[in-house]
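Shared between the two complexes below is subunit A, which pairs with subunit B and subunit C, respectively.
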Partner chain A sequence: MKMVKFLPLMIIFLLTTFITSGCWNYREINEMSIIAGAAVDYDIENDLFVLTAELIYPSASEREIRVLSEIVTDTGKNFFDAVRTMIRRSGVKLFWGHVKILVISENIANDEKRLLSVIDFLYRDAEIRNDINLIIAKDKNPREILETDIKVENITSFYLKDAFENEESISKYHAVPLWKFVDNLNSKGISPTLPAVTTIKQKDKIIGQILGSGVFKGGKMVGYIDGDETKSYMFIIGELKGGVLVVDKYIEDDFSRVTLEIIRNKTNVTPIYSDDKLIMNIEIEVSVIISEIQGQTNFMDEKYTKSLEDKAQKQLKNEVDSLIKKVQKDFQADIFGFGAIIESEMPNLWNEVKYNWPEYFKELETQTNVIINIKGSSLRSKPIKVGE
Partner chain B sequence: MNKEILSRKQTISLIILFLIGDVLIFGVARAGKKNLWLAIILAGIITIPIILIFTDLYKTFPNKNVLEINEIIFGKYLGKLINSLFLVFVLYKGVFVLRSLSEFITTVSFPETPTVIPIILTIILCIWITKEGIEVIGRYSQLYVFILGIFIIISFTLIIPNMNIQNMSPIFYIELNSLIKGTVSAFTFPFGEIVIIFLVLKSSNTRNFSVSLYLKALFLTTLSIFFISVTQILVLGINSYVYNYFPSYETLSRVIIGEFLRSIEIIVGVSFISAVFVKIAFCLYAAAKSTTSILGFSDYKFVVAPIALMMINFSLIMYTDLMHLFEWNEKYWFYFGLPFQILLPILIFIVAKLRSKKFNNQLAK
Partner chain C sequence: MFRIFKDKMLGKNSSTNQNYKLSKSIDKNIALFKEIFKEDETIIYRNFESKSKDSIKFCIIFDKNLSKMSSINDYVIKPITRKEFPNDMSAKKRIELLMSKILITCDNKLSSNTNDLISHILYGDSILLIDGVDQAIQICTKEWHQRAIDEPQAERAIRGPKEGFIESIDVNYTLIRRKIRSPNLKFIFKEVGDKTKTRICICYIDSLASEKVLKELYKRLDEIDIDGVLESGYIEELIKDSPLSPFKTIGNTERPDTVCAKILEGRIALIVDGTPNVLTLPYIFLEYFQVSEDYYTNFFYSSVNRALKYLGFFISTSIPAIYVALTTFHQEMIPTPLLLSISASREGVPFPTIVEALFMLLSFEILREGGIRLPSTVGSAISFVGAVILGEAAVSARFVSAPIVIIVALTGISNFLLPKMLGALILIRIIFLILSAFLGLYGYIFGVIGLFIHLFSMRSFGYPYMLNIDLLDDEEIKDTVIRAPWWLMHFRTRLIGSKNKERQKDYTISRRE
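And then the complex of A and B:
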């Protein structure tokens, strides 16, 4: 009797293990190639997207296992078409789940339809993670970015990704994950930016260099701001977490340059509406420590500290103001997100201005207040005295 | 054996899981835009009268569910007609949930899997649990509601760094148009679906039945839906929330805690599948109960499997793909659901009140 009950049960168990276990469409790791990063260019003559991917593969020698990379290129009518056509170069299906960066050429960024074609696929596809970093290849073919000679790691894409992760110590470029780019592209009150990368020749080697940002307006890129301007930009949007501030300072005709290391920054942007005029009030509060002094002036002395603070404040204020002027004049793209701030603080006003926001932004007045607090001077209390 | 009695906790958990089910992936009140949080609260408040209507009916007709009450107050034929309308509603809901479960699985993780595979696997379990009776569903809910709560709390804590308060502001700027749209949309999906619970559960199905029981369940449901939706908006912003099919999945994919803990979106998958299982099972149970009541059978168990098989086919025929399913839920579910969720309950209530004297006399005899 027991056996009769046991047997059907056993059969059911066996059946379920066979039917329900495992994935329906599993893929073995040796049957696919993993992509670390990709670059996409547009071939205007033939109307084709040129996709370059950096494949990584492990290579085992007797002593160690190294991860190496290889560059493959193929073309397609559209971005996804190129992705699939590339299989004929790699032989196996490509796995996009580990893509860290995507380099976009200028002629794609400058055209709304081409840019959206790329962004839409990346954002729509389930395999690609939505925190990949997009980069603009400034003045260069994006393929060259992936093919640089010197890289700290073997894999260019990983090197670029690392550089973005450590942006807070240099603050001359600002990494933007895909989802944030799409969010900013979607919303009316803020325009997106992307970091720019280029290559420079050093002796006979080509090395990659990330510097500055590309500014977008509507669905296309309208220009660049350089590394220092990107720093001011990060000050305004409150994303700046570190980096240095170099102050040129004259003390009684004695020119010296002081480097301040930024340890903390807090930015507050508030719209002020009075007398039918809107003014964006930008309050920047920076805590710094003196980390390098050129010359022998003792800036730790109270009267000099004060004047150093003043000078740094003025300098930073000028930089910030000139960046805002430049962006208003040259691009009319609200990369600072002033519109979004007005929307959340003064929704009624925003409803009036949102339909011609770019024009309104062009004329928008700003008022910058910078407060710099020198919090310390690292290990030394006095500059190095040179004994004659 | 066939007593079918739930404890109070089980009833509460059942209602919570039943209402939350597909909200976990689809998100509610997209039309509400930035007033969404208020729309959810308002929708919860609008549901209170519906609950009061049904609990009042419970008191007038002790030990009867709405199916039986319909037959009493409308007469045999009209009552059966109204019950068959409800049957269509219940079936539609069950089929929708079934298909969305399958579409979710195939879209996010197994694009090459045929749609029917997850449906079949789920429905087999649903047939089983429904045949075992309502107590089993109740016990499952009681266990699972805790796990769901833990999941929600864990994912909430992990996602805090990604929140941006600006996504919600201006908090108190109310656009009446989108607020009304959002409230109606949040009421029809999911709050109004509580009708299905009253349709088949009798007051005697719950030990120590009382009105506060349902209000408590409603409060907890509103709270968790509010919590989930506001978290999603704080992380995603309203644009991404509206444009994504599965906002919660997107939300949790943004979790990055150091280098070791990232993309815990699988939590959404697990909690959704387990919660939606209750919803499908209960819809199946309700459909079986309605069928037996319309056709006058005494036992519902033998129609469960045929109805389940029909639901499989329905779910494949009814929607062509996820786009269709989503569009239907966003645009037309409101027109389809509102009569069942507001008009019919009010009609039943009024008729019951008008004719209650007669029934009291009948009952007295």
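And then the complex of A and C:
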């Protein structure tokens, strides 16, 4: 009996495999368009979302495979509408599973409703990954960002993605994946930032350049901080993993510009409550090595090392303090997550201040301690002496 | 259902074997045998008489090709014709005299069962008929040509004995006996097959093998009612557990050292005359992954080889299915550069991925089956045509994409890590592939679950088929995924060796410490 039932079952199995090859979710790879990155803009006159996508298609010749890209644009009443209408430009269904970046225009970032409409779709849709990088197109139409002439890699989106992955050796911008942006947006005690990208003209080529961050407050963007400020920002939030510090130092009228490479950084932010006053205590401990000396002073000499460390500490402290002051004064957006730290360390206090946190944050006092340890000087112990 | 069908077809086809009776007259007896071996020119009837005046008539009957004529001449005919038999001797005395003083062959037996006698003639023995006696003497004169003991082609070992079983049960028996010189090693001979009367030999160590398994084996062997057994595969299929499963529940090997190792673990071997493949039972899933060489080479090396075999099992069953699932359902799981290169190679290929995969797997199986039975010179041409021409041409003609050729080649090579599992692997691979073409990884996982339910539900002669796979006991893991050094393997396999667990005494380890 077993055999009698088994055979027809097997035949049905085999037949349906061939007949229903087009069933749900069955897609052949070469029958869809893979999107590498997208840009969204808002057309205020016609009240439409303008979606630009960078489609990638491999072209296989006899021996080699080349990946080419193509920019297509279409519009829709909202983001998803634009996503679907775009099919008429590409012909086949678009595959959003490999999207690396999404460029958002300033006029979307500046408007809470529009921004949420985009973010909501990205976060809700099953195909789009939660770790795509969001970018603000600073002073530019986001489409221009995707249309830059990239030489290294043909695909702009991949180039931007790679740049974000190597941020730790630059530290002048800070990549924010979608999930983190949404988390910070949801949270009361921390305001999100997004990296900003713009285009610059170099000779006759237009290339993209990521620099600085856009600061968000509530559901919209309120301003920018530049690249060096972003570095200070990363120091405070403890995300800095590399990068360089450039210190100018006079030793007995001998000017030296020393570049310190950051190899390790540890930041500790603790709230201190005393005398009815809340002070955020920021402890930054950086390990660096000397990686370039412009001058003749041997900074591995103990007394000079100490003075260089002092100078660098003072400089970094100033940078950090001035960033905090600027953010408090200009944006009142708690991008450092002080609120979240207070919430976890002093929940009772947080319950008192959370309703007017932005005002409280504006007046919040901070106290910065920077410790810089010079651990070494790469392969050379002495600078190059120029013979008389 | 099948039984009713079978009975109807066969009707009342009872055995045609009649029991002939020998008479006291030699002429009648000769006529009887001539009647039985009608039109058979290979049977020789040699009549001769003893030396005395009123001589006694003798007749020796044998097959001229199966028997050694010179020994018949020298040890049977010559002594009898030179001997005088007293006239007044009774029949009984005559036989006694013959057996004890005249016939100088080593294995003589008196018998009156004609069926027995006939089968002995056909097995190379001679039958001596004596006038006035209603019995006959079987004389051992077997001699025929057999293959020399050779290294088994399918189970070669770089380190280890290079001898393999041959087609003769007597030689095979000696190969085992020579390795285990213990009176506890028992050999029980039986015959199966109405027509072929194939001799089989059950071989075990009675202080190790379980009586329950032996009893069950005897029961199953007694139930066999088949006209002929030409290879141990007949018996394997007739007595195995889970007869519909593609997996073996009875092992087979051509290597005497493997058989001996299994006997020493408490298993039972079954030698079948006419084939070099000896059955061993019970057989568990793990034995697919064990080869005799594992136990001869360094245990690190053996453990690596074991791990490779497990990997080979995974690759061979799953890689095509996972490839199809990923490329047609879960494109987001493929890294972007890989996705692009797969996408590029699929550009212009007209068939869906599943059709490609099935087509390539099918052509691989055709090549395998085509090449396996050809002489090695032609076989290599086949594999060359298959690998180079078919693969390369199909890709450059855009019939199939390049990744699927890689996948199928990898699958095919991994196949040969587990040569004994080949049939099961093909079936599992195709089922997994179809399931994942249906439902993606979801379907593949269904297949895996189904496979494991099947494997875990199987038994081999009462022992769980997945013995020792489901636990990570520090004692039992020693001969599973890894092969522990010999000085650590104190115990025989769980359950199978439970009658006498201790393989070696502890002193080896204490001496080391």
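Rule of thumb we're sticking to: the second predicted complex is superposed on the first by the 362 of 388 C-alpha atoms of A that agree within 3 Å, B and C clash if a C-alpha of one lies under 4 Å from a C-alpha of the other, contacts with A are read in each partner's own complex, and residues count from 1 in each chain.
Everything that follows uses one rule, which is that a residue touches a chain if its C-beta (ideal position, glycine included) is under 8 Å from a C-beta of that chain, and two chains touch if they have at least 3 such contacts.
Bear in mind that the values here come from a model prediction, so they are computed numbers and not experimental data.
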Report task. Name the contact category of A:Ile65: first (subunit B only), second (subunit C only), both, or neither. Result -> second
Requested in this report: Return first, second, both or neither, reflecting whether A:Arg27 touches subunit B, subunit C, both chains, or no partner chain.
Outcome: second
Report task. Mind working out whether A:Leu14 is in touch with subunit B, subunit C, both or neither, as first, second, both or neither? Result -> second
Report task. Kindly classify A:Phe95 by the partners it touches after superposition: subunit B alone (first), subunit C alone (second), both, or neither? Result -> second
Query raised in the report: Can A:Arg129 be said to touch subunit B (first), subunit C (second), both, or neither?
Result: both
Report task. Could you tell me if A:Leu379 is touching subunit B, subunit C, both of them or neither one (first, second, both, neither)? Result -> neither
Requested in this report: Between subunit B and subunit C, point out the one touching more subunit A residues.
Outcome: C
Query raised in the report: Just which bits of subunit A does subunit B share with subunit C as contact spots?
Result: 20, 23, 25, 129
Requested in this report: Please give the residue numbers of subunit C that touch subunit A in the complex, ascending.
Outcome: 1, 244, 327-329, 331-332, 336, 339-347, 349, 352-355, 434, 437-438, 440
Query - Touching residues (chain side subunit B, partner subunit A) in the complex - result: 107-113, 117, 121, 166, 169-170, 173, 237, 239-240, 243, 250, 253-254, 256, 263
Query raised in the report: Contact residues on subunit A for subunit C in the complex?
Result: 1-3, 13-14, 16-18, 20-21, 23, 25-30, 32, 34, 36, 56-60, 65, 67, 95, 97-98, 100, 127, 129, 158
Requested in this report: Using the touch definition up top, name the residues of subunit A that touch subunit B in the complex.
Outcome: 20, 23-25, 126, 129-131, 179, 182-183, 186-187, 340-341, 343-345, 347-348
